[in-house]
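Both of the next two complexes hold subunit A, though its partner changes from subunit B to subunit C.
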Partner chain A sequence: MQGTTLSRWTLSYFAVAVVFLLAAQALMALGVGYPSAALRAPQTLIVVHCVTVGWLSLLMCGALFQFVPVLLARPIYSNMLPLPALILIVAGLGALIAGFLQLAGALPWMPHCFIAAGILLGSGFAVVLWTLGRTFARAWPPNLPAQFVVVGLCAIAVTVTFGIVFALGYGGYLHSALLAKLRVHALPLHVIAGLGGWLTFTAFGVSHRLLAMFMLSPELDGPTTRWTLYLGTLALAIVVGAGTVAAATAGGLEIALSLAGLAGLACLALYGSDVVQLYRRRVRRVIELNSRMAAVALAHLAAAVLLIIACAALGGIARFSGALVFLVCFGWLTGLGLAKLYKIVAFVTWLECYGPVLGKTPTPRVQDLVVEPRAARWFWLYFAAVDFATLCLFTGTPLMFRAAAAFMTIATLGIAVELVRTRRLVNVKEALRLPSGAHAPRLLLTFVAH
Partner chain B sequence: MTDFVELDVRPILRAGGEPFGEIMGAVKSLAPGQGLRLFATFKPVPLFNVLGAQGFTHAARELTGGEWQVEFTPAAAGKTPGSGAGTDPASGARPGAVPATAASGGAWPAPMSELDNRDLDPPEPMVRTLAATEGMAKGEVLCALLCREPVFLLPELAKRGHAWRGGFDADGKTYRLLIRIGAGQGGSA
Partner chain C sequence: MSEWTGDDFLDPIREALRLVIDPELGYNIVDLGLVYEIDVDDGRIAHVTMTTTTRGCPATDYLRSGAHQAAASVTGIASADVTMTYDPPWTPRMMSPQAKEHFGIADD
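Moving on, here comes the complex of A and B:
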């Protein structure tokens, strides 16, 4: 049978991810990590990994378990394996945070925390890759949007590998000179492979299809989309290949990063033109909140790219790297993530609950599960707070940054409450809420009928 | 060396016809180990999925004038592991491993009605299609036009005991789904 069903654990991933996002934002509001502490201070690394692993990576993994089968029109290889993967990743992140807390002197020294983090995170992501990889094998060769995801999955493998090298270094296990050099020099590669390759490139593939689907735009698979894929892959290959050689020989990374930057820039420009096409050529004139907010997130990506170019031209990349990474993480990736989460939770809940009775009895529309004007206010507050926080980082005003982070936390909490209301069917009229035969959804788990 | 049965659907396509039934009929009549060499006026990408699910690998080659030749090889003959839903990797994929429904082979009656759902916001096409099937009698056929492969609808049709056949039209933009009421144990591609 072709087609696919719902992913059982995707909402569990989303719930854990949102908790980590809220925790990270609250820590920033409390003044933990950058800019109150140094960029590479253990406190900063705790916040950074709560955002990148706890929030963004779990969000992306949960979304991919649902979305890859849709892209390929094939069922997921296993609907059970995502659960052990989630447990391993969360445990690994816990061990990693414990390791950083030891470095910060907040916990007594316990041996093997970092090696446990390396093993747990490595095996957690390996299970994710295995589950998605076997799903891809069912529909090989993959279609164009799916090829973006394949490159993104290669990038997470690279990111985690670098991460394990760093964890071993922090734990004092690196006795090989080569790995020790990598530990010292390869940090930019870890960041670029993670934020650029894994999160941004996968988001490109996912957003191509989701934007087309939600706005009734034509599917793009022409030369611009293909060259977005080729140039982005080339940029990542240069970063990983040439960058690793340069880092291992303790040579400068500048040449590799400049070449990769040029290819990456061309890739971003092509993606931008595709996105403009998707919005311009849409059949649906009035678009939903998720597509409007995705556009705001895309504008933040464009702003981040322009600022990176400006900083590179003026020689301020090192000085402003914290602000730039913040803008990419919160303006672009988190903005897009929250926007799509708002739609996906409503759709998954609708299909789970009303799918079995569609056509047999009156059922609500997906849009009846949400109240967009109320959620829109939280989204605007979120983006305004992110913009203000970015400004504070550029101008070096840590106290104001903490206030902005507090507003980000409040806005995210508002969006999270909206998601719970959607899942609980609170917004649906009583008469339509649970017709006979409909399946009442649970908060953290999706019922999957066989 | 795989033995290929040749099928040229170019005349049907040029005449504006729908060769899906012919192709599936030809696949059904293949002897064990036999492959299908198909000639079409476009690259028949949807078929790659449909036949991939039945354990076929494919090799596509562009001919002159934008026409295509595709060789579908049963996985067992090609010594490659089976891929696709409906096949059991443990037992080795083979053509025909998908349980065929009683109505999956042979001719279906002409559709009773046609639903054009191409301009509807998702998931409205799914709702309308399922609503239409509820009012139909066993054995009747519904044709639904969609703008993409309805990945969530297909398992729901199978769950409700309907058989279906589907694929993209030659323009690659319209997904034509035929549903036969009460004729399935599972979906048939």
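Moving on, here comes the complex of A and C:
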């Protein structure tokens, strides 16, 4: 059956995600949150959740609805459930932001905002997990890249659970001593499970397959990849298991985090070695912009890891945690996200528009939907601004950081305009743009033939 | 009408299939080596066996449908039947010399 491999709501997820990214960057440029405010200040938490939930998590969910079927070679369990999930997550994030605004004194106190946030976000991610989980069930046991995604999905469940505990705490609903201790001590676990487990580990699995697919590299499923999976899973298990016990008993997290850190470092080193193999052994010598920019994002991940090691060795982890998390979020995850978004939007648009007329009439290539040299300028501006912003955070210059954030916003806006142009087929030569029988793509959702 | 054999249709079908491109590589499926076998039976039904560059490729259904459309459009062909296979899996070594040259791959 034609069209079953296209995800109907992925583009909607991407559009909402990009809006949240632009909003978060604009807020940083305006001086909202860290470094102008404290790391745990409500203003900072608004920006952080716009980035991690609104941008990165929605981007990842949208991408998974499209690419889990590719990883498993099975259709998605439901092409409709992603819509209520999106609505629930966005509504939950709205309630969470309203809650933080109350804590900041910008809104009158309404005690139910945080519990609404917990319920809505919890339900939204539960629908995501149900939809993807049922898809995995059709192809169980999953192949190696898909196993990374399974671990990532377990990590989002943990992350959201911790998040609900925190939301209940902020709303004044926590009367259990155990949960109250978790609320105070488990923030590092929430951050590591989210950024490390959900976002980074899932990105590892998806990138293994996408890099191989887009660069015509051999797919890797040898011992290096398997041990990347085992060690990363071990690191996350230590963080969640031992870390939760330590946090709940108000014990120190240092031992759990150190052990998890060692396993995590070994996992990252092995992943790095796999990525080098993928780039070195590629058949396609001239690679596209998305693969070049993914390499830049991977270099930022390597830089972040080296800086974390250096800060840990010098005892500066707590002092520089904001700068380190910023580098992971924007240099690595957002850099990779924007690079792959640039490719996926063009690919999905091609499938939607030209797939149905393939074999009937000449069609353009996916590459004809984009103008890479123009987009490349925005990507380089983006990475340069991120590097400068990171430097500002390490050197404690908040005003310069705001200028860098403004440039990040401009660059992201430039990339967003390129995505809209791709979706509108503006870059395709007129003679090939819309042959008879082709559907003009809609901006925010994908036409799926039945 | 003169006597015909299935082989008479192979070149026209191959030519028609060149209209179908792999969207990612932007090159036709014949020269990419994605078409493994073409056969025409006595009922003038074209049987095409083909693959995709990667298993689970989101373009699979469109490629199958496109190949079906192209093969069935050849004059004299009654209908077409397209089978997808991943045995053997596709490798870039299966490309034609022209395609290899296009992608800068050494011809071995």
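Everything below uses one rule, namely that the second predicted complex is superposed on the first by the 446 of 450 C-alpha atoms of A that agree within 3 Å, B and C clash if a C-alpha of one lies under 4 Å from a C-alpha of the other, contacts with A are read in each partner's own complex, and residues count from 1 in each chain.
The rule is simple: a residue touches a chain if its C-beta (ideal position, glycine included) is under 8 Å from a C-beta of that chain, and two chains touch if they have at least 3 such contacts.
Source: prediction; values computed, not measured.
Overlap between subunit B and subunit C is detected when the two structures are superposed via subunit A.
Residue contacts after overlaying the shared chain place A:315 against neither subunit B nor subunit C. Contact with neither subunit B nor subunit C is seen for A:373 once the two complexes are overlaid on the shared chain.
When the shared chain is aligned, subunit B and subunit C each come close enough to touch A:360.
One of subunit B and subunit C touches more residues of subunit A, and that partner is C. Within the superposed three-chain model, A:286 lies in touch with subunit C and out of touch with subunit B [touch as defined at top]. Once the two complexes are overlaid on the shared chain, A:140 sits against subunit B while remaining clear of subunit C. By the document's definition of touching, both partners, subunit B and subunit C, reach A:213. After overlaying the two complexes on the shared chain, residue contacts for A:350 are found with subunit B and with subunit C alike. In the superposition on chain A, subunit A positions 1-5, 69-70, 73-74, 213-214, 216, 219, 283-284, 347, 350-351, 355-356, 358-360, 363, 365-366 are in contact with subunit B in one complex as well as with subunit C in the other.
By the touch criterion stated above, subunit C contacts subunit A in their complex at residues 17, 19-21, 23-26, 53-63, 65-70, 73, 92, 103-105.
On subunit A, the positions that touch subunit B within their shared complex are 1-5, 69-70, 73-75, 137-140, 213-214, 216, 219, 283-284, 347, 350-351, 355-356, 358-360, 363, 365-366, 449.
Residue ranges of subunit B in contact with subunit A, taken from their complex: 49-50, 52-53, 83-86, 98, 119, 121-124, 126-127, 129-134, 147-156, 158-159, 186-187, 189.
Only residues 1-6, 66, 69-74, 209, 212-214, 216, 219, 283-286, 347-348, 350-351, 354-356, 358-363, 365-368 of subunit A touch subunit C when the two sit together in their complex.
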